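Below are structures written as structure tokens.
Two complexes come next, and they have one chain in common, chain A, joined by chain B in the first and chain C in the second.
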Partner chain A sequence: MFNKARKDVPNGEKAAYNAGKVKIIIACGTSVATSAIVETLLREKLKDNKVRGFEIYRKRIYDLPMEIKQINPDIVMTTSPVDPAIVKDVVYYPAMCFLTGGADRDRIISEIIQYIKERTEKKE
Partner chain B sequence: MAYPSLFNEALIKADMEAKTKEEALQSLASVLISNGYVRESFTKAVLDREGIFPTGLSTEDIGVAIPHADKEHVIKPGIAVAVLKSPIKFNVMENPREETDVRIIFMLALTDSNLQIGALKNIIAIIQDKELLSKLINTKDIKEVMRLLQSGFTSIVS
Partner chain C sequence: MSAVLTQVVKAWMDLGVVLVVPVFIFILGIFFKMKPGRAFRSAVLFAVSFTGVYLALNLLLDNIGPAAQAAVTRFGFKLEILDVGWPVLASITFGSRFFVIVFLGGLIANMVMLKMRWTKTLDVDFQNYYHWIFGAAAVYFVTHNFLLAGLTGILLAVITFKLADWTAPLVEDYWHIEGISIPHLSTVGWAPVYYALNWVIDRIPVIRDIDINPEGVEEKLGVFGEPMIFSLIIGGALGIFAGYDFSATLNLAINTAAAMTILPKMVGMLMESMAPLSEAAREYMQDRFSDGKFYIGLDVAVLIGDPSVITTGLLLIPITIILAVILPGNKTLPFSDLGALPVYIVWALAMSHGNIFRGVLMGTVCMAGVLLIATYFAPIFTDLANTVGFVSPVPGQAITCLEGGQQIVSYVIVQIISLLKSIF
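Showing the complex of A and B:
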């Protein structure tokens, strides 16, 4: 159901291009409410797990194609379903479960933590 | 860290009657308008948004909806709450083609301030607290609703 964090070259290149920081876009209808909730929870969990080296951008779903082009994110999360074609080149997670809680949310958080750690622990 | 509560007794409707979700949304929006929280354009914006990005959440037994609109319609942040007399169907955020029975509506008037993060965490805690939700639908008293909503603050780990 969820895209597995890709370990192949494209994302590796992307992360390097992003100067070692994993870029995450969180998008909702207005970019103010549900995405703020998701961002708050995600930041808390990342902090609890001592994960750094990431950047979070809150955007509107309406602007997603343009923002993905401009920001070149590693991970995209939305609180409403989106056309899979828009997110085919990123690691995508539907984030409604952040609002309602449950096992899916914990699983997604673990995957994101893993993804960031793998890409930011390669320090010289 | 102390943060202002976005709840207010003036913004609470207990035991609210409405035949459709449009009626419920209009009713709640007008409470926000008349109390100076949002502009008149807020009502249409909320209805439009609900049509494109529905805000129903099927949290097991008691359905909740969190309708809201762009910050350009908001004058100052606040949350209007309606506890519905009987359930109204809302479309579901996760799958807009699906419907769920909603008993409690949290209409969010938000700007972009970080001060609201604490209040947003509180909303999540309330939505995920089944016991609190069932207490909310069992009261017709505005002061009691307010007390229950405020009690959610203490259960957050900050």
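Showing the complex of A and C:
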């Protein structure tokens, strides 16, 4: 069951064994405003679903290539569309739907919950 | 009865920023049907992060202030006004007495205009209501008329929605994002200027044919644009200009880098405290305007990932520093907001279809304007900061920010009001 889900996770093998927690980068223009909204909502949903074992980093979109190298995240979310080449090695979600609301947001949240749960179960 | 009410309101306002705004956030949260516990947490987080902003800004001013002053006396250095950055502007406006009236006024203006079909923008970007609050505060500074200031705040909201409607097709054409507009006054306020500049460039032979693609430039500029490293360099340079010895220069560099790394994090917390309220207010408004076709109004940050925008913004950093030195009339030392320059030129790139040559050309002209307006707004900015408790350790130290210089619409309104005041 786990292996099946892992197939659509690029770079999942490497990330899964390198670190204990699922690392999520949320990036926006200044790492201050819109990424704060995304982080707050995501944290609340993860808490409501009793999900643990994740770390959230808020960064600037311009620094993404460098930050991805340094942090080695599993998931990257951006509030603005970015060059797909920058996020090709990670699980990427556009986060603008967190600002507008709607069905996409609920889908992304449940996918992230699923991803983190599978990772933590595997560890145990 | 009204006397009692006045007493209560006055007693509440006298409690100070760290208590007034959180109480308002709590009340507004309850109004938008947030759970009391959640609203209470938001209110406390606001107070806590505001205190954090205060600490970080003091660290910056304690270090940069005396050094800048030493450089001024040593070289007759004219850039005596410090750019403390937009996060400080946002904090002091949210902490100002115009917050309540302009926040509610802007919200109601948006709903009325939607109902009457005067705008298509459903503005859910509450964090950027601070632009209107700053305009209101600026008018108050000039006129000492609270009502006029409040009305200006609402007028700015109305102008913002109209400009957001006007620029919305560009969001779809250039970024391919549908159903979104950008009611972000400091950037859409410059959109008409960029429109005019682009029109002029279209009519200049040779220049109009130059088109430069951004690939590759952005990675090379990345490290220079990072606030921590950048402020380390600026802090060190300022120490040398101030005539500090080796150890004092290094300390200044590290303290500057520390302040500039901590400050955005504190303001990030301030934004987190407002996020649940934003979410609740967004749901409230979307429930009421779910029919019909609207643009959802978002922060300019949703446009910032474009490579042309990033590259142009980073190229404008050294250009702005040079401009600050050579531009007659400028007294602003650009610093904290330099990292946010890509935000300023989004419309220039949309109008020139991502041509960074035009982006830099138009951006340079506009940055000259931004520096001069930032200089003009310095006394107002400093006064507003003082009223919420941010006072520089160096007496008479004026502060401003480039984002303040971006407030061209407020600048024009203040100029018109000053003119009318001098006539009558």
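As a working rule, the second predicted complex is superposed on the first by the 104 of 124 C-alpha atoms of A that agree within 3 Å, B and C clash if a C-alpha of one lies under 4 Å from a C-alpha of the other, contacts with A are read in each partner's own complex, and residues count from 1 in each chain.
Please note the rule applied: contacts are C-beta pairs under 8 Å (C-beta built on N, C-alpha and C of every residue); 3 or more make two chains touch, one makes a residue touch a chain.
What you are looking at is a predicted structure, and each value in this text was computed from that prediction instead of being measured.
The superposition on chain A brings chain B into a clash with chain C.
Counting the residues of chain A touched by each of chain B and chain C gives the higher count for C.
In the superposed pair of complexes, A:66 makes contact with chain C only, with no contact to chain B.
Applying the stated contact rule after C-alpha superposition, one finds that A:96 touches each of chain B and chain C.
Contact with both chain B and chain C is seen for A:29 once the two complexes are overlaid on the shared chain.
By the touch criterion stated above, A:83 is placed in contact with chain C alone, chain B being left untouched.
Residue contacts after overlaying the shared chain place A:40 against chain B and chain C alike. The superposed model puts chain B in the path of chain C at one of 3-11, 21-29, 219-227 or 237-245, which is 21-29. Note: residues 28-30, 32-34, 36-37, 40-41, 61, 79-81, 96, 99-101 of chain A belong to the chain B contact set and to the chain C contact set alike, using the contact criterion stated above.
The part of chain B that touches chain A in the complex is made up of residues 49, 52-55, 57-59, 66, 68-71, 93-96, 108, 110-112, 116-117, 120-121, 123-124, 127-128. Across the interface of their complex, chain B is touched by residues 28-30, 32-34, 36-37, 40-41, 61, 79-81, 94, 96-101 of chain A. The touching residues of chain A, counted against chain C in their complex, run 28-37, 39-41, 44, 58, 60-63, 65-66, 78-83, 96, 99-101. Put simply, chain C touches chain A in their complex at residues 87, 124-125, 127-128, 175-177, 179-180, 218-219, 222-223, 225-226, 264, 267-269, 271-272, 275-276, 278-279, 282-283, 286, 296, 298-307, 310, 313-314, 339-340, 342-343.
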